[in-house]
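Across the two complexes that follow, chain A remains constant while its partner is chain B and subsequently chain C.
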Partner chain A sequence: MIGNLHARLARISLEFGLSVAVAVAALAIGFIFIAASGASFGEAAEAFVEGGFGTRRNFAGTLSKMVPLVLVALGWIVVFRASRFHVGFQGQILIGGLLVAIVALEVSLPTVVHLPLAILAGVVGGVLWAGIVAWLWAARGVNEILSTLLLNLVAIQVISWVVRGPLQQPETPLPQTSPLQESSRWPDLLVDTSLKLDLLLIPFVVIAIGLLLARTVFGFRVRLVGDNSNAARFAGVSPERTGVYAILLSGALAGLAGSSLLLAGDTPGMTDGFDGGYGFQGIAVALLARNSPWGVIPAALLFATLRQAGGVMEATVGVSSAVVDVTQGIVIVLVLAATSILYFRARATEAPRAPIGRTEQAEAT
Partner chain B sequence: MIPFADIGVGPFDTSWLTSTLILTTPILLPAVGELISERAGVLNVGLEGMMLAGAFFSFWAAWATGSLLLGVLAGVAAGLAFGVIMSLLAIEAQADQIVSGVGINIVAIGLTTFLFDEIFGARGLVELDRIGLIEIPGLSSIPELGELLFDHDAVLYFAFLSVPLAAFLLYRTKWGLSIRAAGEFPAAADTAGVSVRRVRWMSVLTASAMAALAGVFLALVTLGIFRQEMTAGRGFLALVAVIFGRWHPVGVLGACLILGGADALQLRLAAREAVSPEVWFVIAALAAGFAVHLVLRRQRERKVAFALSAAVALSGIVLLASSPDIKLPDQLWRALPFLLALIVLAGAVARARMPSDLTLPYRRGEG
Partner chain C sequence: MDNPDLTTGAVRDAISEPAGPGQLALRVVGITKSFPGVLANDRVSLDIRQGEIHGLLGENGAGKTTLMNIVYGLYQPDGGRIEIKGQQTSIRSPQHAVELGIGMAHQHFMLVPDMTVAENVALAPSELPGLSNLPKVGRRLGELSRQFGLGVEPNKVIDDLTLGARQRVEILKMLYRGAELLILDEPTAALTPAEWEELSAFLRSLAAQGKAVIFITHKLDELFGVADRCTVLRDGAVVGTVSVAETDKPTLARMMVGRDVTLRVERPRLEPGSPVLEVSELTVIEDGRRVLDEISFTLREREVLGVAGVGGNGQNELVETLIGLRTATSGEIKIDGEHVGRLNPQTFTERGGAVIPEDRHRQSLALDLSLLDNLMMKEFGAPSFSRRGVIDFSKARQHCERLVSQFEIRAPGVDLRMGQLSGGNQQKAVLARELSRKPRLVIAAQPTRGLDVGAMEFVYQQLNEAKEAGDAILLISIELDEILSLSDHIAVIVDGRFPRILAAEDADSETIGLLMAGEEA
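Then we have the complex of A and B:
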C-alpha cells in the first residue's frame, strides 16, 4: 500500500516535472523566435511580464482568457478519456456562439433570466454541432477527426454568412452583429477591466468534470471504453453510447466556451472569427496538463498569459503575436515526445521485474 | 465530348473543366502521397500544415533569390522537415499519429504566419512571377481539348502522372509490397526481413514532400502570392479523398476530381448574381441518379434515403422549370466542397476497408 503510494507520488512528480520542462522549453523556443525577429531580448521579456501580470488591467485580461481555455481543455479531456478525441471545438464554439447571439439580440428579458438563457443556448448549439460528429461516428463509422476538421470549416462559413447577412448590424459595412443586449452579458467581477463573473465557471466546471470522470459510473464507463472497447462491450457497456455521450458533453463545454467569449468578451457584438483560435489552444492546454482536469488550471494560466502578453508585445515591441501559435504547437509536439519517454521508461523498469517475481513464486512453493 | 460546352457561359463550360484540373492538383498531390503513407500504416493529419510550409518557404526563397527553381526546392525541403518531425513522433516515439498531425498543423500555421508578418508584413502585397506553362507540342493544338488538357505547368502534369506512378509503385514493385505489408501486417513484414521503420519513414517523407509540392503549386503556380492559411482546408480534403477513393490510386484520382470540381464550381457560383438553371439541373440529375442507385442496390435505409433524394430531384426539376432568380449566399458555395466531403464520408466509409494497422505504431516483439 505504501509502496503504491510512493510509486504514485513518483509518477505524479515525474509527469509534473515533464510538463514544466516542456513549458520551459517551449517558452525558450518562443523567445528564440522573438530574438530572431530583431526585438531586444530584455525589452521583449519585460513587455511579456508587464503584458501578462504588470497592471491590474493586463492581469484581468490574462484571467479572463483562462475561461475558454479551461472549458475547451476539459472538453478534450472528456473525449480523450473515451478515446474519441475530436478537434471540433472551433466549430462547436462558433455554432454555440451563433445561438447565443440570437438569444442575446432577439430576446429582451431581465438579466436573471436572459444570461442563463443565452448560456444555455450556447450549450445547446455546441451539443447540436457535436451531435453531427457523434451521429457520423456512431451510425456511419466516420472518423471523428476528419468530420470535425470539415465541420470546423463549414462553421466558419456559417458565421461568415451570418455576420454579413441576417444578423449584420444595420447601416454598417462591418462584418459584425449589433451589440448584444446588456441584460444578457456577464456582470463585471473587477470594474474597469475585462474580467467578468464567468471566471467563477472555472472552479465549478473543473470540479464537476473532475468528479464526473473519477467518481461516477459514467466516468468509469468512459475510461473502460477508452481503454478497451471490446472489454467494455463484453462487460455490457456500449462503446457507441458512451462515445456519443462523451462527444456531446465535450460539445456542451465548447458551446459554453463560445457563450463566454461573447457574453464576457471585449467586443460588443459577434464578429467574424470570434472563436480566436481557442478551439485548438484548449487542446494544447489539455495535453500540457497531461489530460488531468486539475492540471488544466495551471496549464491554462500559462497559455492565457502567452495570449495576453503576446498581444501586448505585438503592440509595444512589434513582434507578431503569431509567435504564441508557434509556441502552442511546439508544446503539443514536445508533450507527445515526452509522453513516449515516460512510456519507454515504464517499460524499461518493468522488464527486469518479471524474472524476480518468478523466483519469489518458486521460493513460496 | 465536353458536357454543357454548348450552353455557353454557364457554370459548367470548358473553363470550368480547366479550373477543375487546376483545383484538383493541390488536392491530388497530397492525396497520392497520403495514400502511400496510409498504405504503410501512418495517418498524416499534418498534410495541411506541410502544404502551408511548402507554400510559404517556396514563396520566401523564390522572392529572396529570384529563382523559382530554388523556391520549389526550398518548399519541398520545408515539407520534408515537417515530415521528419512527423516520422520522429509517429514512428520513433510511437506517439498518437492524429495528435501529432494536429500539432504539426498548428506549428506550421503559427510559423508561416509569424514569418510572413515579420518578413513581408511591412511590404504590402508582394507578387512574384509565376511558373510558366508548358504547351505540349502537337497535343495542345487539338481544338477545345488541347487547351484544356495540354497547356499547363509542370507541377500539374506531375500531379496527374503521380497516379499511375503510385499504382505501379504499390502493385508492381517490391517496395510497394513492403509498403502494403507494413500497413496491413507489420509483424509479418518484419519477419520477412522488411524494415517496417524504414518503409514507414520513406512513406511519410513521400507524403510530406508531395503535400509541400501542392503548397508550392498554390503559391508559385496559381497565385504568385502568399496569404496566411492560403491552403484553406485542402489538406483535409486530401485526407477525405484517400478514404473516398478507398485507398486505391484510381479511386483517389476520382475522388480528387469530384472535390476539385466542386471547388471550381463554388468559385464560379460565388461570383455570380443568381444561381443558373444548370446547377438545379445537375443537382436534380445527381439526386435522381442516387435514387435509382438505391432502388437497384436495396439498402437497409433506402426508404428514407430514397424519399429524400426523390424530393431533392423533384424540387430541382421544379426550380429548373420556374428558373427563379435565387441568390444564395457565397458562403454556402464556399462550404460546398466540405459539405460534399462530409456527405461522401457518411456514405462511403462504412463499406470501405482501411489498411489494418493504420494509426497503430509498430513495436518490435509485440506483434
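Then we have the complex of A and C:
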C-alpha cells in the first residue's frame, strides 16, 4: 500500500511538473517571438504581468475569463473519459446563449428568479444542441467529431442571423441584441470590474464533476465504457446510454459557459461570435490539465492570463496579440508531446505484461 | 500419464539432429533484469547451439519474454553478459540486434494488413526510404521461400492470407534481413493444429540449414513436436535445461510450476438437481445465415454440459444469445423454469447468471482501469456497495481484498492497473468476479485460453467447486481434453447446430472428433 501510494504521488508530481514545464517553455517561446517582433523584451514582460495581475481591474478580468474555460474544460473531460471526443462546445455555447438571450430579453422577473431561469435556459440549449450529436451517434452511428464540427457551423450561422434579424437591437446597424435586462445578469463580485459572482461556479462545478467521475456509479460507467465498451456491454453497462449521458452532460456544461459569457460578460447584449473561441480553448485547458478535473483550475488560470494580458500588451506596447495565439498553440503542441513522453515512460518502466494467447486472432481477422 | 494430444502424431520422429552442434549461436550468462517491484530475470544463463530448436518454457510471467526482449535489444539488462557466436556484445537496440543476425517475431503480428508480403518485408529500416526496388525484394523473397519451403507468394496482400501464412511472413521478414538466430514468441497462439503442423515442419527445415530457433511457449504439447532442447524458467530464474527426447510432460510441468500438476482433472460425479437452463430450438439468423440453428438442451444443477467444436461454429453467438447480447430469431430460453423474455446482460446477472467470456481483453476486462474496478464491474450498482449512486469505496476495497486472497490473485494491491497483471491472474480476477456472486448458472467460454498449466489447474478446480456448490455449468471450449475431463454431457457444435448430445461415458475423442468434422458418428 505504502509503495503504491508513493508510486501514485511520484506519478502525480511528474504529471504536474510536466504541465508546469510546458507552460514555462511556451511562455518563454512566446517572449522570443515578442523579441523578434522588435518590441522591448522588458517592456513586454512588464506589460504582460501588469495586464494579467497588475491592477485590480486586470486581475478581475483574468479571473472572469477563467469561468467559461473551466466549464468547457470540464465538459471535455467528461466526454474524454467516455472516449467520445466531441468538439461541439462552440455550438453548444452559442445555442445555449441564444436561449439565455431570449429569456433575458423577453421576460421580466426579479433577479432571484430571472437569473436562475436564464442560466437554466443556457443549460437547456447546450443539452439540446448536444442531444442532436448524441442521437446521431447512438442511433445512427454518426461520428461525433464530424457531427459537432458541422453543427458548430450551423450554430454560428443561426446566431449570425438572429443578431441581424429577429433579435437585432432596433434602430442600430450593429449585429447585436438590445442590452440584456439587468435583472437577468450576475451581480458584481468586485465593484467596478468585470468580475461577477459567477466565479463561484468554478469551485462548485469542479468539485461536482470531480466527485461525479471518481466516486459515483455513473462516473465508473463512464470510465468503463471509455476504456472497453465491449467489456462494458458484457457487464451489462450500455455504452450507448452512458455515452449519450456523457455527451448531454458536456453539452450542459458548455451551455452553462454560454450563459456566463452573456450574463457576466462585458457587452450589454448578445453579439455575433460572443463565444470568443472559448469552445476550443477549453479543450486546450483540459489537455494542459492532463484531463484532471482538479488540474483544470491552474490550467485555466494560465490561459485566462494569456487572454487578458495579451490584450493589454497589444494596447500598451503594441505587441500583436497574435503572439498570444502563437503561445497558446505552442502550449497545445508541447502538451501533446509531453503526453507521449509520459506514455512511453510509463511503458518502459512498467513491468511487462505476461503474454496472453490468442487475442490477436480477433484483431487479425 | 499419456499424452492426451490428438493432433500431433509421429512428428517427434521427424526431428533431425542439429547440424553443426559445435558453435554456439547465443550465449547468455547471468542476465539480471528488474522492473519496479518485480525481478523479471534472475541470473539467467542459457546456451543456444547453431542448428537447434530451443524451447523456452515457463508460466505466464516467468520472464521468458523479458529475456528475449533483452536479447533483441529492447531492454538493457541490469547485469550479466551476452555472447553472439563467441563474441561478447552489448545489444543496444533492435536495429543492432538485426545487424547481429537476430530476428524476433512478436506474439502479435507486426504486419500492415493491406500491403503485400513483399511490401511488408520492404518496410525494413534498411530498405527505407525508397520502395523502388520492390521487384528485387520480391525475387529475393521468392528465393528464400523456395530455399526454406515457405509457400508464401510475395504479391499476395496480407489480409488475404491465413493466420498460419502470416506467421510465415513474419519469419520470412527475419530471414530476409539475414537472421541467423530466430526468436519466436508464442507463435502458435493464433494457429489451428494444421497450421501448426506446417509451421513446425518449416522450423525444422530452418534448423536443418543451420539456423538457431528459440521458441517461447507455455504449451507442453507443442514443445514435444518440434524442439531439441528446452530451458525452463520459473519466477525469472532458470530451473534447468533438458533434452526434450529425454524428458516427459509431467517432469516439464513440474519444473514449470514447481510442484506436481494434475494435467487431467477428475470431475466430481454428482446427482444432478432440477433444471436451471432450458433451451429449446434456439435459432439466430443474421444476414440470412443461420448462425444458431435449432439448438436445444437442458442443463441441471450440479451438471456440466461441455460444448466441443472447432472455433467459429457459433460458440460466440451461443454465449451472446444466452446472456442477452443478441436477440434470438426464434426459440425459447428458460432459466429456473421461467421463460425469459428479452434478456440483457444485466437481467441475466440478476437471474443468477455468470459468464466467463472467451476473450479476456475484449470482453471481460478493462485493462486501463484498476483491479478493484474490474472486480467490482458488476457490483458497484448493488445496494451493498453504493447508495443513491455514490460508491462506498471502503466497502468495495474490503470486498476486493477478500477476493484477492480467496482466489489467489497475485497482485501487490487492488489499485494496480489491470493490464499489469499476468494473464493467469487476469483470468483469476474474472473468475473471482463471476463466481463469488454465488451464481446459479455459469457460462464459461474458453476459460483456460492462453493460460499456463498452473492457472489452468486453478480454473478447473474453481469450476468443479462451483459445480459441487450446486451450479449448472455450460463449458464451451475448443480444447477437447478440457471438455472430456470436466463434462457430464457433451454436445458438439457444428455450423450452429448440436447434432448430438452424448453422455460423458459414451464420448471419446474419436467420436467427438468425427462429430466436430461434421460427420454423423
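Quick note on the criterion: the second predicted complex is superposed on the first by the 350 of 365 C-alpha atoms of A that agree within 3 Å, B and C clash if a C-alpha of one lies under 4 Å from a C-alpha of the other, contacts with A are read in each partner's own complex, and residues count from 1 in each chain.
Note that in this section contacts are C-beta pairs under 8 Å (C-beta built on N, C-alpha and C of every residue); 3 or more make two chains touch, one makes a residue touch a chain.
Small disclaimer: the values here were computed from a predicted structure and weren't measured.
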Go through the superposed model and pick first if A:A208 touches only chain B, second if only chain C, both, or neither.
-> neither
Is A:V20 touching the first partner chain B, the second partner chain C, both, or neither of them?
-> neither
Just chain B (first), just chain C (second), both, or neither: which does A:A337 touch?
-> first
Using the superposition on chain A described above, determine whether A:S37 touches chain B (first), chain C (second), both, or neither.
-> first
Does the superposition put A:I283 against chain B (first), chain C (second), both, or neither?
-> first
Examine A:L200 and indicate which partner it touches, taking first as chain B and second as chain C; both and neither are also allowed.
-> neither
When the two structures are overlaid on chain A, which partner does A:G329 contact: first (chain B), second (chain C), both, or neither?
-> first
Within the complex, which stretch of chain C touches chain A?
-> 35-38, 40, 60-61, 64-66, 69, 107-109, 113, 163, 166, 185-186, 189-190, 216, 323, 325, 344-346, 348-349, 355, 357, 359-369, 373, 376-378, 380-381, 386, 389-391, 393, 412-413, 415-416, 419-424, 426, 449-450
Which of the residues in chain A end up touching chain B in this complex?
-> 33, 37, 85, 87, 136, 140-143, 145-147, 149-151, 153-154, 157-158, 160-161, 164-165, 280, 283-284, 287, 319-320, 322-330, 332-333, 336-337, 339-341, 343
As the complex stands, chain A meets chain C at residues 1, 3-4, 7-8, 215-218, 220, 223-224, 227-228, 230-237, 349-365
Touch list for chain B against partner chain A, complex | 45, 85, 88-89, 93-96, 98-100, 102-111, 113-114, 117-118, 121, 233, 236, 239-240, 243, 329-332, 334-335, 338-339, 341-342, 345-347, 349-350
